[in-house]
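This is the structure I want to talk about, given as structure tokens.
Chains here go by letter, A, B, C, D and E, matching the order in which they are written, and residues are numbered from 1 within each.
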């Protein structure tokens, strides 16, 4: 079943066009990855889906409803969670505060968030140690962990991940990718943007390749990994 | 050690505390002139904090940083830069609203001398200096391959190019020592290869480099020596081959199976 | 001396009362609201209007004021905040300066320049304890302030809505991505702050009178209290307010009444130099 | 660097217009007065333009420097009998020193605190003027301040004054233009958006800010000195927060951080305030609402608006 | 609030009125402008001055010198034959050079002593200056109340400062030194500090020199704090607004005033007050009453010599006028009013009712 369908969207920053006629879909239960060089428009796609930018043309259909005219809050409350580029931790909130705030979309008064917290801490034990430290003072990697953790706290149906492994230590990169696989297996659909194309293609089911704001190639992850051009451009060999 | 000379910078028993947290404790290492020295370790190990102490942003609670024969602890950041230490940032710092060229020109100011009055009066000397600032800045941009983007608002550069601009900016201060904090973050493998060439070229200019990285392929390829940190302490130091096989480093940092790296 | 301290504390409470709503707004939108003094003034004036022009009782007048102020809160949001929510905070700050001029002069046009007062809920009896005398109304001020202080501390530190407000102030876009209904939260804040202003107005009017300039006067004092205490901190506001109130009285009594305000400002500057974060401010810096 | 040809032409036309303008209004003391006031406010607005445009800070204490300039000019010319022009220079330098002094604590803090510390500064200056009667004559103020004398020339008429003010506006603008295009201007802008990063790039944030405050308050002081001799009578009431707020509004209405901005903003507001007099006691209400509306509809001032219009036109040309 | 005022379009005689209609200073300014409007309407209703209607050019002088100056410009642009000026001395001072240059009579009801000491031949004061009223109430405190240990509470504005000097001079002439002197800002809301300082000095009376809201604050807090000694207040305390604020503590307070329009038993003043209240829905103060007299004095002058600036001045210098509040006659410095009264307030049915306890008349012979 198609969960998310992006139909011929065009996005502009001022007068500059960032996306041209982008079209793709994500099926329920899939991991789909977007590949592309610097400035290809990957982050822009994710921002458009979560409603942070409005497309000038085209539509985005999520669970059979058009969401491209909805407010960010409404989109989020439908189960889309976006872990954005650049971490965007709330600098003046503690680690706990950052995580707690992320439950706004589903949490009723007084409901416990312990399960979700445990889940995040199992993945990133470091965060438990830093529980009462203010967001701004965390190390880069710790902030990245927190950003991902925050995304998980919101019980997403569709998780948009923008470069989740950025700045993480190799050992942690492994566990992050494993986690992505696990939560996907538990039923969360994932749209993944990664510079670590090698890893992304290993866990993804399908992938799309972007160049200058256009989709130039798509197919099953395995095929893409084997594609000569892809190897040259993104896998360094 | 592969070497071209004595130590350019010596970090001795460096330590810093944030409230109850001992973020860096008793770390020492020497970086020899002309080398590339990598600093690696798990997230939160204290790598960036060490750079912050070297560049004068944090004041260490203890220890010394000997650079060019004198202890530079206590110097404010702009003085450290004047002494010849430049850096890039893990969290990119772009001067928003300034063009790419102006971003780099800002870094030239540390090498100028004309005073306020002459500037206001636009004396010939002031004009000459202003021109040389622009020329040197363009040169630095050309070096990183961003010369054609010089008039763009720096804020609108894509992520990877911002990192390159930061390197150009750091180079524009004419450093002897360059501190790079995760320069490859946000770049794909092909771009990383490019970066490798580029850091090698910097070394060829005679600039010493301290490099923080999580991309092991990059680190192993270009570093002369690696210092590994964990929980604020140094757990290993040596040439790449040695570090790669050090069980403690594998345990704390690299992970056992190298599946996704 | 005790008399002076008691009076100083009650002055401090009024500063703090004025500051509560201000801090609430600051913590939600991350901008100083210069119009808040005038909003407090309107809280009092609405009560005065109900009593004087409609002939209502004090209690009814208070209810009326709360309702009218909720409206003013909505106006504040939609006129002087909402249209600028995506712009630099500077624009919001300046808009609030504009709003303060607008409100101050509207009060002048509506109620004239004469100072007026409204009666206290507890009448104008005096309380004598030993040699110390104070109006019963001051006791009411102490109690209400303490109550709101505790409430607000609880609100910010214990409730998730308080945290959502903070998140909203720090990064609105991210707050939306967290599913926080940002616009609604902010509207709520403005309304809440305006209702607090109504209480502050009713506490202030019997002792300090209402006049079009009174808002400017108290907001400047509340600012000093806030800066001394630490921006955004409720504890800081309370401590700063009491400290300032007591200092003012003691300085006027024992040091110099002529340069009393200069001294308050010098204290402010000194605190900023010695403790840039104030007594209770948390440091939030940039991580590079 | 330097001006483009088109900017050069526009600038020249504007100056020419400014030079001939009063000839048409010579007969109207009222309009000449407004022009002169606008002129003084232009200089004053430039002073805030530095702080806000180049450091991104809001000051509501500019009236303090204005007052220092005014009182010291008056004191030097009347008390010590110094000629007006050296007195004006000394007064401006004194104001600049005050700015640097205020900058020492103020440069350590940012944003909201800065607003408050400048507010405090403005009030302290006003209170001192008010209370230090022996020197400032308290609320009575200083009266009968003599008009400037330039050699045998007594600049007394409003007409003559106009050219004096115009001269200083040109000086102010030339300085503003050369600072903007110099390393000092760039350092300020860099410090504004990323103080720490600028510091690491070798820019001393303290001296950068102090230079900024110094230049800023120098011009505020200059405007004060001009004002004192123009009005001929100064008293503490003239230098309260409202004046500082006016200056801020002028800066923003014009478009901060630009060169034409202050000229447009100050002129527009001086005249607007006059026209609003027609509505008598409601004019301050409208003025307040106006500030909010400007923030809503032209957040980058008239200059921002012009730039948008230009962008729209030029993008049409492209199509 | 104020009403807009306009007369028939064929108005001939232009008179300028400048006063504060906005800002905190409007407290006094608005009431005076009202008086001018009232006087002009009365003349116009009676057929004008010598058959010509009066037109008032009313301008707001706000709270700054600059604003006062542009107001003056606008008034002068109407070619007025005389100006009824603002009450605030700093604005008047700023206007003096222009007034001299233009040669236009300027009349106002200000109390600041220094105004008439600057040798301005065009300015006329029609209010007992501080030298009269402060002298009266200080003398009253010392001579009538036998207060030898007075404490002074003054506001930091010019009003407070010039009053302070005069009080000190009078006390000195009586060989008395105040036991305490305190200062406060006009906008101050709490006087506990000042009053405690005074309490420690054990004075036998308090003489205050302040504006309306702070006067109210001082009187109320003095009695709340239990400092039960006589209080002699400046004319601000004669304002009905202040009585409402002070409430029952007005009992026994002495106040200096030039006139008490609201309680003067004189039927003419009563009738006037009624008319004023009916028209402007606010109670007049003594300044308003004297401003009304001032306007009438001026209109009489115009009636006598026509709208000629110089002639008006000369006429004013030579003639006297019996107004509602008293007789006006200018001395060499152009001070025109020399009367002062001291009243004491008593509470009757929750209202503060004044009774005149002493009248002073210092008119030079």
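Everything that follows uses one rule, which is that contacts are C-beta pairs under 8 Å (C-beta built on N, C-alpha and C of every residue); 3 or more make two chains touch, one makes a residue touch a chain.
Since this is a predicted model, take the numbers as computed values, not measurements.
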Counting one step per pair of touching chains, how few steps separate subunit A from subunit D?
2
Compute the centre of every chain as the mean of its C-alpha atoms, then state which one is farthest from the centre of subunit D.
A
Which one of the chains is farthest from subunit C, going by Cα centres?
B
Centroid of subunit A to centroid of subunit E, CA atoms only: how many Å?
74
Per the centroid of Cα atoms for each chain, what is the distance between subunit A and subunit C, given in Å?
42
Gap in Å, rounded to a whole number, between the CA centres of subunit C and subunit B
47
Note the residues in subunit D that touch 2 or more other chains, in rising order.
127, 131, 194, 196-197, 200, 281, 284
Residue ranges of subunit C touching at least 2 other chains are 105, 108-109, 258, 261, 286-288
For subunit B, jot down the residues that touch at least 2 other chains.
48, 57, 89-91, 93
So in the complex, which bits of subunit A are touching subunit C?
50-52, 71-73, 76-77, 81-82, 84, 88, 90-93, 97-98, 100-107, 134, 136-138, 140, 143, 150, 154
The subunit A residues in contact with subunit B across the complex are 13, 16, 37-39, 85, 126, 130, 133, 137-142, 144-145, 163, 165-174, 177, 195-199, 202, 232-237
In the complex, subunit B residues that touch subunit D:
55-57, 76-78, 80-82, 86-87, 89, 93-98, 102-103, 105-110, 112, 114, 116, 119-122, 126, 129-130, 133-134, 169, 173
Provide the residue numbers of subunit D that touch subunit B in the complex, in ascending order.
1, 175, 178-179, 181-184, 186-187, 189-190, 193-194, 196-205, 211
Contacts from subunit E onto subunit D in the complex sit at residues 1-2, 4, 21-23, 26, 30, 58-60, 63-66, 69-70, 73-74, 76-77, 88-90, 93-94, 96-97, 112, 114, 118, 156-159, 161-162, 183
